[in-house]
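Following are the structures in question.
You will see two complexes here that share chain A, one where it goes with chain B and one where it goes with chain C.
Moving on to the complex of A and B:
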């Protein structure tokens, strides 16, 4: 009972980790973004064959960020990660204009997924530090973002190397998903729970006493009580 | 009542797997860990939890070492059943192999080696490379073993990446455990490789000897085993090595002791100094004796090994026979082995002691052991001439006890003693005869009868004794019957009186008329004829002097013994069999055409594994996928043809069966016309210069909607060639022979033509489409011939490829422009449109429309390729001038180059 109660409490007070997927074609900069968000530094990466998962603490929100490999051979397995996802960060290499068409196709394929119907979409037009990188408007056009009607989305110009634009994106995410109860609501719910817990405890005690009392009066009584319970 | 029952089909309970799935995806770390534990528990008791693969793998990136280990454990078990998804784990492995914690690095590399999935092995090479050079010895030693594991999965990769050299470098590592594991890995690799990979040189030798003293016991075993394969340069080096290894004899671990013994025995071969050898023998005795104080199972293993050692060098344990005396509470298998060794160690010096022991054993209760003890006495008698008399007196004492099975066993061994020492101990026959009535085992009976027959002249009542056996002649075992027959003949020859004459009549009658046993009948007839033609000659034959026997039971051939000694402390030395006899391990053979063996055709029946199979296999392979019982029947691999009427009567069922099974009823092979009509000359694929006189010309052709391989074989050699078989390698269209190749024996300067029916999509190769068709043809006289043919796409064009104009236009429009490719066929030429259209129609390329544009004629045609792929073809050319532009639109663009090839060939 005690454990249950702690869990209940922690589910209210403890910060739930939001689950975020970082998707995009290979060499878009997903892994670099992940570690830039997590550690604040640029790490040297190799192509991700599989996935990386890190917990990112930003201001007072905790995000469980999944960076999935973007190579063609691994893309089919993205769907294994779709359930329970609050947000998708779709990373586009803004300088790789040749593959924007593929990026668009993959992007819209993701949007079609049932399991991702409820998640918000954050597009990072990455690699802005490179010469010839398209700006956010051009990427919006290329990815046909305006076709998205049924969910919230936003696009940010980012450079994972310089660390620009990444946290702005997370800020937008926070405002877009007000799933966290305010502190006032939290307190109220906690009180209701504590009340319920105490009432239950008293009830249990009462029943137990009752049983002991009737148990003395013979077998029949005990059986009745067991029925009653 | 109806109407409400649907509720039984819908339940709110989710079942274990979905529940676990939910928990694995939980937010909470402890819940997640519990879930993984539950999964592992389910896995351990044999429930299939492979469907949770991704969910478990997602828990892999964690700080928690315990959780990580559990996930790794899961991976090892289920990566094989989810080879595609296993790729998701790769990144974590790569990350973990760079973890600051050496335990995690080692864990990652160890698990990587255990995941035997081909697809991910190449990704694991880089981490492995790093770990082999890791700073931490624990990681290095784990990585060393991983190389051996990887070698088992993909030997080529290991060699290409230079892991073998890295491994050899590890032998010079400063950590003894790393050295030991590197040695173990190299030894393991060496076992599966045909090439010499691991050879100890004098430099590595000193390093190994140094590491030997420092590493763990099992590491020592690996090093000692490797050292025992080392051939020392001279006696001095051998002595030095042995000196360094001798301290290992005192080790508490039996495996170390045995491996050290093995190694010393091997090196002793080279040592010439008798003093040194004697000393070494002295040193080896105590550790071997100590082995016998272990648990019975270990004792047994030790005894089996000692049995080998004793055969090679009896001196080692000559003075230790007492330790092999059986204790009353030894398990029977230990007792039996001890007896065996006692016999081997018995000598004139200790025989009294040994006989005393044997006599004691012969009074025990275990029948098998008692028998063996009695037999042991006999074998000692045969082995030691001077002790024979004492042995016989012991045997007689035992017979006097009148225990049935002791008596019988004694008689059997006494027979052998008589054969060893003829005319020496016949005085005891009288005693033996007393127990005649108690004999009931065939071997004892046969032995007794042999004795009576052999010494008939000295036994007064021999005829009576034999007669007593004769009464039951028809019921006796063959062994006894044979002996009775021979003994009676001997008796008759020695005492040709009336009694024996009658007996012999009865026996011969019985043995020729009343028996089903051909051996007995044959022998009886031989005696009969001998006796009836020349009794004197019969005497010479039957009563001839027999050679003296010696005891060679349970002793091994010297060459086998030497090989077994090299395998001491392995299963091989326990079985007393060479490893090859009970371990089947595929040695990697680097495929050379001339030594390639054809697997048994009908038994394998698997079209995927070997590239080349007998053509019968190709035929059956398709069948083995069906559950048709008849398909299991072996298909005649090659018809037994006679030179005169060979091709006219092929075994018809093969193609019929195939047709039925593959649903190719309409494409039934017309078996009655296997001779191809002579058409244009076929391209020569195997010239007679390379084929040792055999010339093969062949081409794929299409007849009546079916693809055939049109073959012409010409024998320009001096010998008759027969037993032709054909096999096709995997190819883009999966072409394979639908039946056996029916070619009669080819006389010199003869030729044969055949149309071999083909089936498609049987042994498909992967990779981009190409036209290569690799063919192997063999016969009984020559090696296998391999040659390459080119598949022309047009043989697959089907008869129903015609398209109406509207249909053509519609299809053309429905395909995106990206599906159109064009090519200039410079050597092609259109002489006249009508004849071209006609030609094309003959190969199922159908004319749709034509138009003229700027002095050029444009033709539109359609064709339907394999698997019904449509080809929309546009040909642009000016009539009479060389150079045709061919454009094609098709859903499967990768076929276009093949189409161009085909068009070019058709337009030539």
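Moving on to the complex of A and C:
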């Protein structure tokens, strides 16, 4: 019940929370992106073994961003984090052209996962500040993004070092997945309001009847009341 | 037993899902059109036009209109992103090409992009709906004028319609979609895609 109310209120006021996974090969820049989003500054990072998780408040969305280590040996553990994920940010090192094939294979393996069927896909073509970085069209081609036909996706040119493109991606996420109260929730809300109204009405009626009853019972009632006092 | 009945039921009553590609040059109003379609046919509020950001990828809209299931694929129109258009051609039943009718300087680009689309063999026989969008603006040209300007020669036997619409206030959209559904139901391409899909399913088994 409480959860329902929270959901209703957040759907009215537009606040919402989302769980986002940041995935990608090692050295793609996932951790730098996470802390750039959270603190707005560049931190020096070491390869992540395990995960980093931070809450990022952006306009009225509260994002729980999970940055999972990308090394080959720990990629199999990504799937432990898949349930209840609204979006995937897949980070690619656009200057690492040798490993784009591996990036593509990992990416399509993730898309096959049942638990991620409902999540939207954001691709960050990262490290645009480096010379020789491929642009968004080339990365689209290399990752074969066109094979995605049953969910929304978008690609952004980003540079975690310069802070470019990261929030544009979040803007897209916000517009791609608007939440409005579903018709079921609207009906429930209406029922609760009607219920509250009727209860109040009955209470008011009961109080009035009671008063009338006491007043109508004449002297005895009055006597009882005065006795009581 | 149940699954047998269910299969029969599905076979008899399931509607075909039509895939419709929304194409057009940058800033033509493709995503606004998609959002308007969602708000018309889903009774939900679509995104207001001022909150739409340029598409760099794929937006999807699933609606039911005129008794048919439609899946709209809205692709980004920036020049670098047009290369992915053709990857979606093979599975598309029809094309909606959106043109900003209030911006004559974009017509040349639209014309060449559209001609390139029509030359592609993967789209043989796909009905084409050309929308002269942004009719809410006073400087917008009519659909006839746009047709004269584009002067398309490669239409051949393709079913096509020029229609003036406004993705902002919704003018003309319902009529255009009705035409599109009707055209897809009549088109030989639909039959061909269905046969191919069946063959694909059989192949999987």
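The rule is simple: the second predicted complex is superposed on the first by the 164 of 229 C-alpha atoms of A that agree within 3 Å, B and C clash if a C-alpha of one lies under 4 Å from a C-alpha of the other, contacts with A are read in each partner's own complex, and residues count from 1 in each chain.
Going forward, a residue touches a chain if its C-beta (ideal position, glycine included) is under 8 Å from a C-beta of that chain, and two chains touch if they have at least 3 such contacts.
Since the structure is predicted, the reported quantities are computational estimates derived from the model, not experimental observations.
Q: Who does A:161 touch here: chain B (first), chain C (second), both, or neither?
A: A:161 sits against neither chain B nor chain C.
Q: What is the contact status of A:141 with respect to chain B (first) and chain C (second): first, second, both, or neither?
A: second
Q: After the superposition on A, what does A:61 contact: first (chain B), second (chain C), both or neither?
A: neither
Q: Of chain B and chain C, which one contacts the greater number of residues in chain A?
A: Between chain B and chain C, the winner on chain A residue contacts is C.
Q: Kindly classify A:81 by the partners it touches after superposition: chain B alone (first), chain C alone (second), both, or neither?
A: first
Q: So, does A:172 touch the first partner chain B, the second partner chain C, both, or neither?
A: second
Q: Just chain B (first), just chain C (second), both, or neither: which does A:151 touch?
A: Once the two structures are laid over each other on A, A:151 reaches chain C alone.
Q: Under the stated contact criterion, what part of chain A meets chain B in this complex?
A: Counting only chain A, the residues touching chain B are 7, 16-17, 46, 48-54, 69, 73-74, 77, 80-81, 83-84.
Q: Can you tell me which positions in chain B touch chain A when the two form their complex?
A: My answer: residues 25, 27-28, 54, 58, 61, 84-85, 87-92, 94-95, 120, 123.
Q: Tell me, which parts of chain C touch chain A in their complex?
A: Residue list for chain C touching chain A: 44-45, 47, 51-53, 55-60, 73, 80-81, 83-84, 87-88, 91.
Q: Write out the stretch or stretches of chain A touching chain C in their complex.
A: For chain A paired with chain C, touching residues are 123, 135-137, 140-141, 145-156, 168, 171-172, 175-176, 178, 180.
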